[in-house]
Structures are given as structure tokens and as C-alpha cells.
Amino acid sequence: MPKIYCLADVCMVPIGTGSASVSDFVTLVEKKIRESSLKSTLHSAGTTIEGPWDDVFKLLGEIHENAHENGYVRIQSSMRVGTRTDKHQTAQDKVDTVLKKLGNTD
Amino acid sequence: MPKIYCLADVCMVPIGTGSASVSDFVTLVEKKIRESSLKSTLHSAGTTIEGPWDDVFKLLGEIHENAHENGYVRIQSSMRVGTRTDKHQTAQDKVDTVLKKLGNTD
Amino acid sequence: MPKIYCLADVCMVPIGTGSASVSDFVTLVEKKIRESSLKSTLHSAGTTIEGPWDDVFKLLGEIHENAHENGYVRIQSSMRVGTRTDKHQTAQDKVDTVLKKLGNTD
Amino acid sequence: MPKIYCLADVCMVPIGTGSASVSDFVTLVEKKIRESSLKSTLHSAGTTIEGPWDDVFKLLGEIHENAHENGYVRIQSSMRVGTRTDKHQTAQDKVDTVLKKLGNTD
């Protein structure tokens, strides 16, 4: 499996639950992410996970499988995944760079 | 134009810039978002904007146009947009609900 | 509202429907798209819509509103939206260019 | 690695290429997809790949790595990934079901 470092931002939604609330589902997902060894950041539209490609997508697949085992019949994930070879950059680095530039332009 | 309240999480990337760095572009985008009257939250994989549908997508279109005027030839946006009619919910509400449930399950 | 021509690929899912099947929902959405004057292409993971920014996002907002009126309480859309100023390009153009290059490399 | 069958719709873009045209890049990606044993469908906003989770994401990671080896410094992928346990459904099945329902409502 590919080992390249990636930043993967993921929004998972369950389909067919009978309730418009998804917070129980998101809590189940977020617990699995936090039990892993990968660094992650929760925000209102998803969670960003950082790490080697194989670890990140193994985790995401296991979360789909785990959610199915917990009774969720259908799951749809929206992902934004970035890789680059010019430098190592964390999720926090990306935010810090923009905030610094915003400050400089004020 | 539709007035329904929405949460729109947007990640814009420029194509054809000759540089793998996108922070100047993201800073340009983020400035336009913050100059608007809409509430927004920056994170490492995008920005979440809250407000009436017409205001949100007018702003996003103007940002595309503004970036083109600033020399960016091609722009690709990834968006996650949610609407619901059962209750009003802000971006912060969504995070707070999950964090509270995570706390209760520890 | 911005008039810039865009290609918007959209995948809408209903949340809280009680059934894992979404084809009734997608059919409702697709009918509204086809009733509009905008060119569109259905595929298994969404529909690509082409036209001026204001027309495209007015349509998409109306589809959200129409679906709510039809009893769908919560809707989540994933969108990929592209604009460019170097040339006019339709969705079909994009596919044709790649297929031609694939043929040339065989 | 998880073996669950999934449908993954992927749109990859290169960042920092110096040209607004991405068809050479998409052709490189599409060739790798077609060299694999996985079923796929090209459309104007991406490619849908079907198969076991581990095979699909191994392929996608290898494509990122291969593109980097071919000189693309930064790559951003937008993915829509679905899994379900109630029935097996191909990409073509999804389109056929909607087209049939559209026909019935005309």
C-alpha cells in the first residue's frame, strides 16, 4: 500500500437512518478516529486526518465497516485528499500560513 | 434566488499557477469572505460559510470572478452544502453537539 | 449575481429518510434539472450542470427547496465547481480531449 | 485492510503546473485506472471506480505517487465514496434505476 503522507478531510453521512440528526453517527466516527494513532482535527463540516496514505484509508475503511456493524446500512463519504512532494506540511501549518498572511494584509 | 439558510463548506484551489503553494490564493479568498457580512470559519481544508443560499452563492461566485481578475486563470471549488428544515443549526452548534456526546461516552 | 460560466458537478443525498434507497430522491432532483434550460449530464455519482453561475446556483437552491417541500427534511450536496477564463469548454469537450489523448497513447 | 465493496468517484487536479490545462494529467491518471483490474467509468467531472475498499484506495494512492514521480508536485483529490450493506449495486445499476424512474414519471 502507498505510504505517501496525506491530508484527508472527510465528511461522512449515514443514509436511511430515519432521523435528520447525524450527531450520534458523527460521534461514533469521531471516537474511532481519536482511538487511532493519527492526528486529526474536527470541524463543523468534517474531520481532517493526517498520516501515511495506507494508515489513513485503512482507518476510513474500518470506520465504514464499524458503522455498518453498528446498524448503519448506507454511508456516503465526501473526501478532500492532498499530497505534495515539495515540503512536509501539517493541517495546522496550512491555517497558520494563511492567518499570518491575512494579518500582514490588514 | 432561493433564500433557504445553508451551511457551505468550500475548498478552492487555483490551477495553472506555476507554484505548488496556494496560500496567497487562499488569503485572497479568505479576505473576500471576511469582508462579507456572512459568518465563516476557516479550517485547514476549507472555510465554512453560513447564511441564506443566495448570499452564500453570490459571494462564492464573486470570489471566483475576483480571483480571475487577479490573474488566476482556472479555479476549482469543492463544496459541501447542507440545508435542513427541522431546526436552525449553526456550524458551531454542530461541533458543540458532537463534543458534548464525545464527553459523555468517555 | 455572478454571470461567469461554470461547470458544476453535484451529488445530492437526503438524510433521515428511513430507507437506504435514494433513487426516488435522485429522480425528483433529476426531473427538476431536466425541466431547466441548462445542459446537464447524469452519471452514477452525480449530475454535471453547465451554465452561468447565477442560473446554476439558483437552480440548485430551488432543488433543495423543492425537495424540502416534498418532505425531505435534510439534504447534503457535494459539489465540484470549475471556472476558467482562458477558453470556453463544455463537459463533453473535457471527456473528448481525454479520450483522444488516451487513444493517442495506446 | 478493509475489503468492503465501495463506489468511489474521484476528481484529481494537479496544483502548480504552470498551465490551466489538466488533460495530460487526467490522461495519465485515467491510464493507470484502466491498467488496473477495477471497473471504472470516466465522466467530465471525474472517474467512478468500483471494487473492494483496499483495492480502490491502493490504486488511488499509487496514482498519486505515480503522478508525483512524473513531475506533478502537488495533487488534490475530491472523492465521493459510498458503501452499503443492504444490497450489491454497481455504478451502472444506479444510473439505470434513475433513468427507469424518470421514464415512468414522464
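First chain written, first letter: the chains are A, B, C and D, and each begins at residue 1.
Everything below uses one rule, namely that a contact is a pair of C-beta atoms (placed from the backbone, for glycine too) under 8 Å apart; a residue touches a chain by one contact, two chains touch by 3 or more.
Just so it is clear, the model here is predicted, and its values are computed rather than measured.
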Most distant chain from subunit C by Cα centroid: A
Geometric centre distance via CA averages, subunit C-subunit A, whole Å: 24
Distance from subunit D to subunit C - Cα centre to Cα centre, in angstrom: 17
Numbers and ranges of subunit D residues touching at least 2 other chains: 15, 20, 73-74, 76, 78, 80, 84, 86
Overall pattern in which the protein chains touch one another (line/ring/star/complete/other): complete
Complex interface listing, subunit A residues touching subunit D: 1-2, 4, 6, 15, 53-54, 57-58, 60-62, 64-65, 68, 73-86
Subunit C-facing residues of subunit D, complex: 7, 9, 11, 20, 23-24, 26-27, 30-31, 34, 41-46, 48, 78, 80, 84, 86, 91-92, 94-95, 97-99, 101-102, 105
Subunit A contact footprint on subunit C (complex, rising order): 13-22, 73-74, 76, 78
